[in-house]
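Look for subunit A in each of the two complexes below; its partner is subunit B in the first and subunit C in the second.
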Partner chain A sequence: MAASTDCLIKGMEGETCMRVSKLDRQYAMAGYIMMAPALLVIALVTIFPIGYSIWMSLNTIQSTFTGFSFTFSGLTNYAIVFANQQFWQALEFTVFYAIVTVAVELVLGLLVALALNQPIRGRGVAVAVMLIPWTLITVISAQMWAYIYNGIYGVLNYLLMQLHIIGAPVLWLGTAGLATFAMMVADIWKTTPFVTMILLAGLQLIPEDLYEAAKIDGASVWKRFWHVTFPLLRPSLGLATLFRILQAFGLFDLPFVLTGGGPGTSTTSIAMLAYRAIFNDGDYGPGTAVAVTTVGIVIILALASLKALRTQVGEVES
Partner chain B sequence: MKKNRMALLAVLATGMFAVTACASPSQSAAAPMVKKASAPVTITWSSGTVTGTGLRKTMIQLFEKENPGIKVQILQQPTNTDTTRATLSTQISGGSTSPDVFMGDVIWPGQFGSQHLALPLNKYLPKSFFSRFAPGLVDGASYQGNVYGAPWYADAGFLYYRKDLLQAAHLPVPTTWEQVQADSLKLVKMHKVKYGFVWEGSDYEGLTCDWMEYLSDAGGQVFNAKGQPVMDSSAAVKALSFMRGLITSGASPAAVTTFQEPQAMNAFDQGDAAFLRNWDYAWSNSQTPNQSRVVGKVGVVPLPTFAGQGGTGHACIGGWDIYINPHSKHIAQDLKFIEFITGYQAEYTMASKFSEIPTNYAVQSDPKVKDLNPVLAIVSKTHLVGRPSQTPYYAKVSQAIYTNINAALSGQVSVKSALAQANSQLKSAGSSSSL
Partner chain C sequence: MSDPAAILSGGKGRKPPSPRESMSRRNVIVKKTIGYVVLVLMLLVIIAPFYWMVVTSFKGNLEISNIPPTLFPHHPILTQYEQAFGVYGFGVYFRNSIIVSVSATIVVILFASLASYAIARLPIRGKAPLMVGLLAISTFPQVAVISPLFILLERLGWLNSYQALIIPYVAFNLPFAIWVMRTYFVGIPKELDEAARVDGANLFTTIFRVILPLATPGLFTGGVFTFVACWTEFFFALTFNNDTAFRTIPVGIALFSGQFTIPYGTIFAGSTVAVAPIVILVLIFQKWVVAGLTAGAVKG
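Let's look at the complex of A and B:
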């Protein structure tokens, strides 16, 4: 817009600041007013339940006929949660699961995105087909995986036995370590397209002339990737990691459908634990404390991952 | 600027319209409605599939014929009782007026009573109503002096077996668990059947039921008379070692640790299993032509016990009651529904046509019913054992049991450490200040 002199918008280093004129301020006001209904809805749907959950986690709650009765108890619920061995087990499982699946998905997603970045014929169809796992509703695809992994009539066991890789059917979902592995495969199958799309969008933003310049300078494929593609892809990688960590900590539908948290409690995620506590047992206080703790951990992890990739989301380094 | 003002007006109008649209449903519900005498009241009944098809529809048809002013609409429940409980407790604790009546497990009165998720029926029905039920059932549906559920059908575990396979192998019907294991191994080795003995070993409420049977047969208990958990006793070790032994010896497929009722029933219906432990519905289910391949080949006996104990084994008390949602807007109609469905006519139909065990004492003792229902004829020979459900924290108690038993069955932990962990979790499960 028209150049002015107030320092409202900080430009890149060395640039002069821009002043906001009265016209710009009117535009801004109009913008805020138009956004107000949407912001109100978002506040009602997100801020109110989150605040209410935090308030619930600080109380001892009893369900009565007319609603809930609250008795303020400070951090008692948190003390109960942190002293509970199942909580730490579920947290350990969720963290391990998040790290492994996010890492594998980033690598796989990057490879697929690099492949899809080439202007070949049929690329549109390839992108559409690649997206199918992501578009399927998780509960439905999880049920499908449950049939594939079934220890008695599952397709996977049948195929492996036909290929003489295994001699007897393997109980994929009923053996402790295997159940986790099986769930990770199902999750990676489902979520890699999501990472691919974000990285593909990032790749398309990288100007072609940078690659040509690198080629002229005699850079190999790997050097081109490491010095041109990767640094410019950092914001997209940061975004993908951020989203994936948020989703991985909310892991619920896959273990709920595939294993029910078993065998034993080896695939009970943090979200499943909170669900069980709140909706199955009626322990609203400790259950919401688990949920709030998860939020805290996720925020810390998200900030840490952004820091690790040395980027702010939305910024493009020059 | 004019375009911007138009856009602003449009957005504000949409916003106000959206807000009023969201507000109006609840407002119109709160406004008093003029009741027409001829308009039928519809009550919603949340219930699961009982034996297969037809039982609930038949009950509703009979009820609506006698009560023309009331219509009943079914809300289908999932097959897993834990999922059903979570769904209902979420809805009702949120104040929902639907469902009006719901089918609930016999183990829920403790939790639902203490959390005000069910109407105390003794405050709305006369004492004479409760005398129609077989002894012990009303106590099971009570918590702290209030009766929360009207027992609809009783249930117990039974041993179903393939008559044809036992005859072909010249084996008598087993009377001990050890015989069941040996017979299973023999039949599998002779390639007469794919799997020997199938039961419910997944980590859910059903495993607690199966566990109570083996534990009681071995002479053990979950809690002693003082209410302390004693799941690390030698009886418990014997019971769990036997269950694990069924899997390691090959008498039961390793997949039983992922089986709930539908999976075990399916394996038996398809002719893949020689023995099945399941509830009374399995009789009519296995005799339904388009569902089962073993029609006419099935026998049913009380569950066996361990060698040396003598007599028959213990069967876990199951069954379902009808509860009323305390927020329901049609309490009078709900009470009529309960009175009908636990009355002589409805219970007789259910017992004779659908092989469920009736809770109505008159029907239970009717000799005609015993002739039509092979399961009912033998239920009096079983030793019934209940789960430790008279506590509002039963969900946690059961979790402490089934998660650890399942861990041992899948070979994740040893029998002794599973029982030790179950015991320590049972200690903390019995209070509200625990996760």
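Let's look at the complex of A and C:
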């Protein structure tokens, strides 16, 4: 199908050219119509509500019998939020959690993918099994792990005591630092297989001959990894990292069921904080301000990473 | 140059392996051993908690909170399952999850195939910014839209309904589905479109009779990802459909509460029933899932 500009390039004469561009416009029109349902739904559920969220965050909102009453209050909600100790604690926790879990998942995932990147029997089964944690509903995983971590009858304490690693039962979910660690383990368990699969797929795309060439040049295992594998894997690694970190800001399901955000508020994520503020405490204004702040952070991170990614991809390609 | 592989397979071996070849052979064995060890370890680590959950669902309440924990139930029983579906009404959650997930998946496949065909094939403006925009939207945390959506649904009287979940699920899954399907459409040679048109087919016939059947992998991939996403979604389901009549499985599991203790046995019975079908589904469609991920990796 020739685009209108092709007309000029191919040097078509007047009427033929007009006929082609008219057809183009008809096709383009059909195209817009075909895209409309999808774009409409997306705009309705994401773009307009985000705009409305921003508006909400600039208002003092009261829930009344007849609905909601909005009183414009500028940046008051943000002032409230940024002065709130719990906000910073939740933000700090979410960022820390994101960095640690994503880093561990990537390293672990890469190691496993590297180990599996060879013709061994049973790899097909392995890939199939690796998909299972991805299909698992997060709150089910949380209940699973809550039972394992239970201070009194949890199997983890039992095993650790049998192995004489600990002397007495540990209150995994009831101790401030430990709860964070326990939650991270549950998260890493659930997500690493998926990361492994993505990385394995990326590794399989690297042609054997590159390794052969490196071997002939006498490169050691480490050198081969650093100069062949890593550069070619970097784009997929980068993309996976980006998506995982952005996803981590939505952390909600796991803490909600596993720890309830506790002990105290030590495992309350930023999304949980917003949820509680809005739906438990009825603080629609400040709660939405927290949500909007989170989106702002996500956008900045995404833009920064995209820039870094593009320069990296540019390097690899050159 | 001798071939290490031939030596390994115990070939005719006319001369003893050179030091370099021995080392290469040893390397391969070491690599394979590591590979197998990692494989087995990984499988064990993944399966262990699942095993623990399923096994617990067949134990009685006393045995569940007993120390030491038992690797296998003393007397396997189905009481927990009866509880889950009888007393706790888990069947309702199951039904709701199916209705919501299937509906959303069908709508996503429909809307996404239309949109991605348009983007892949038709001369519309602004394709690149559109694709980037879609990607950007898919990264938005749900918390960003939860309060406006809640207020809107409340005003429409749509809280605790199927559409309250189906519509947002469709919206949030469309970007990825469009991306995946577009990749497939682009891979189909344009000559087919033109051949169909020469044969007198209009746009719709071209799409539905010629192109779509070839893009079925893309449809499957988009469908599987959407279904899994809907089945496992919690945040919206918790907020919009809190009423027990409209709860989906994740909310049902999360809000299961006993009088004095958390009824793990019942929770795990419901969970096992919730987990089994989708595991089977994904294993059947695993080819499409891996394809969907590799398509992303190839795009880079």
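Following the convention adopted for this analysis, the second predicted complex is superposed on the first by the 270 of 318 C-alpha atoms of A that agree within 3 Å, B and C clash if a C-alpha of one lies under 4 Å from a C-alpha of the other, contacts with A are read in each partner's own complex, and residues count from 1 in each chain.
One rule holds for everything that comes next: a residue touches a chain if its C-beta (ideal position, glycine included) is under 8 Å from a C-beta of that chain, and two chains touch if they have at least 3 such contacts.
Since we're looking at a predicted model, the values are computed, not measured.
Colleague: Sharing subunit A, do subunit B and subunit C clash or fit in the superposition?
Modeller: clash
Colleague: Quick one: is A:152 in contact with subunit B, with subunit C, with both, or with neither? Answer first, second, both or neither.
Modeller: both
Colleague: State whether A:99 touches subunit B only (first), subunit C only (second), both chains, or neither.
Modeller: neither
Colleague: For A:201, is the partner it touches subunit B (first), subunit C (second), both, or none of the two (neither)?
Modeller: After superposition on chain A, A:201 lies in contact with subunit C alone.
Colleague: Specify the partner with more touching residues on subunit A, choosing between subunit B and subunit C.
Modeller: C
Colleague: Is A:257 contacted by the first partner subunit B, the second partner subunit C, both or neither?
Modeller: In the superposed model, A:257 contacts subunit C only, not subunit B.
Colleague: First (subunit B), second (subunit C), both or neither: which does A:213 touch?
Modeller: After superposing on A, A:213 lies clear of both subunit B and subunit C.
Colleague: Is A:37 in contact with subunit B, with subunit C, with both, or with neither (first, second, both, neither)?
Modeller: both
Colleague: Report for A:116: first if it touches subunit B alone, second if subunit C alone, otherwise both or neither.
Modeller: Once the two structures are laid over each other on A, A:116 reaches subunit C alone.
Colleague: Touch check for A:275: first (subunit B), second (subunit C), both, or neither?
Modeller: After superposition on chain A, A:275 lies in contact with both partners, subunit B and subunit C.
Colleague: Who does A:171 touch here: subunit B (first), subunit C (second), both, or neither?
Modeller: In the superposition, A:171 contacts subunit B only.
Colleague: Subunit C: which of 202-210, 220-228, 274-282 or 292-300 bumps into subunit B?
Modeller: Only 202-210 shows clashing C-alpha atoms.
Colleague: State which residues of subunit A lie in both footprints, the one left by subunit B and the one left by subunit C.
Modeller: Residues 30, 34, 37, 41, 67-68, 152, 275, 279, 287, 290 of subunit A touch both subunit B and subunit C.
Colleague: Taking the touch rule as given, give the residues of subunit C at its contact with subunit A in the complex, in rising order.
Modeller: Those in contact with subunit A are residues 31-32, 34-36, 38-39, 42-43, 45-47, 49-50, 52-53, 56, 64-69, 110-112, 114-115, 117-119, 121-125, 134, 136-137, 139-152, 155, 167-168, 170-172, 174-175, 178, 190, 193-194, 203, 228, 231-232, 234-235, 238-239, 249-250, 253-254, 262, 264, 267-268, 271, 274-275, 278-279, 281-283, 286, 289-290, 293-294, 296-298, 300.
Colleague: Give every residue of subunit B touching subunit A within the complex, in rising order.
Modeller: Touch list, subunit B to subunit A: 4, 7-8, 11-12, 14-15, 18-19, 82, 85-87, 89-90, 93, 95, 111, 115-117, 202-204, 253-255, 257-258, 267, 326, 392-393, 395-396, 399, 403-404, 406-407, 409-413, 432-435.
Colleague: Under the definition above, what is the set of subunit A residues touching subunit C in their complex?
Modeller: Answer in residue numbers: 1, 3-4, 24, 27-28, 30-32, 34-35, 37-39, 41-42, 44-50, 52-53, 56, 67-68, 111-112, 115-116, 118, 120, 122-123, 125-148, 152-153, 155, 158, 189, 193, 196-198, 201-202, 205, 235-236, 239, 243, 246, 249-250, 252-253, 256-257, 270-271, 274-275, 278-279, 284, 287-288, 290-292, 294-295, 298-299, 302, 313.
Colleague: Would you pull the subunit A residues touching subunit B in the complex into a rising list?
Modeller: 30, 33-34, 36-37, 40-41, 60, 62-65, 67-68, 76, 80-81, 84, 86-87, 150-152, 169, 171, 173-176, 259-266, 273, 275-277, 279-283, 286-287, 290
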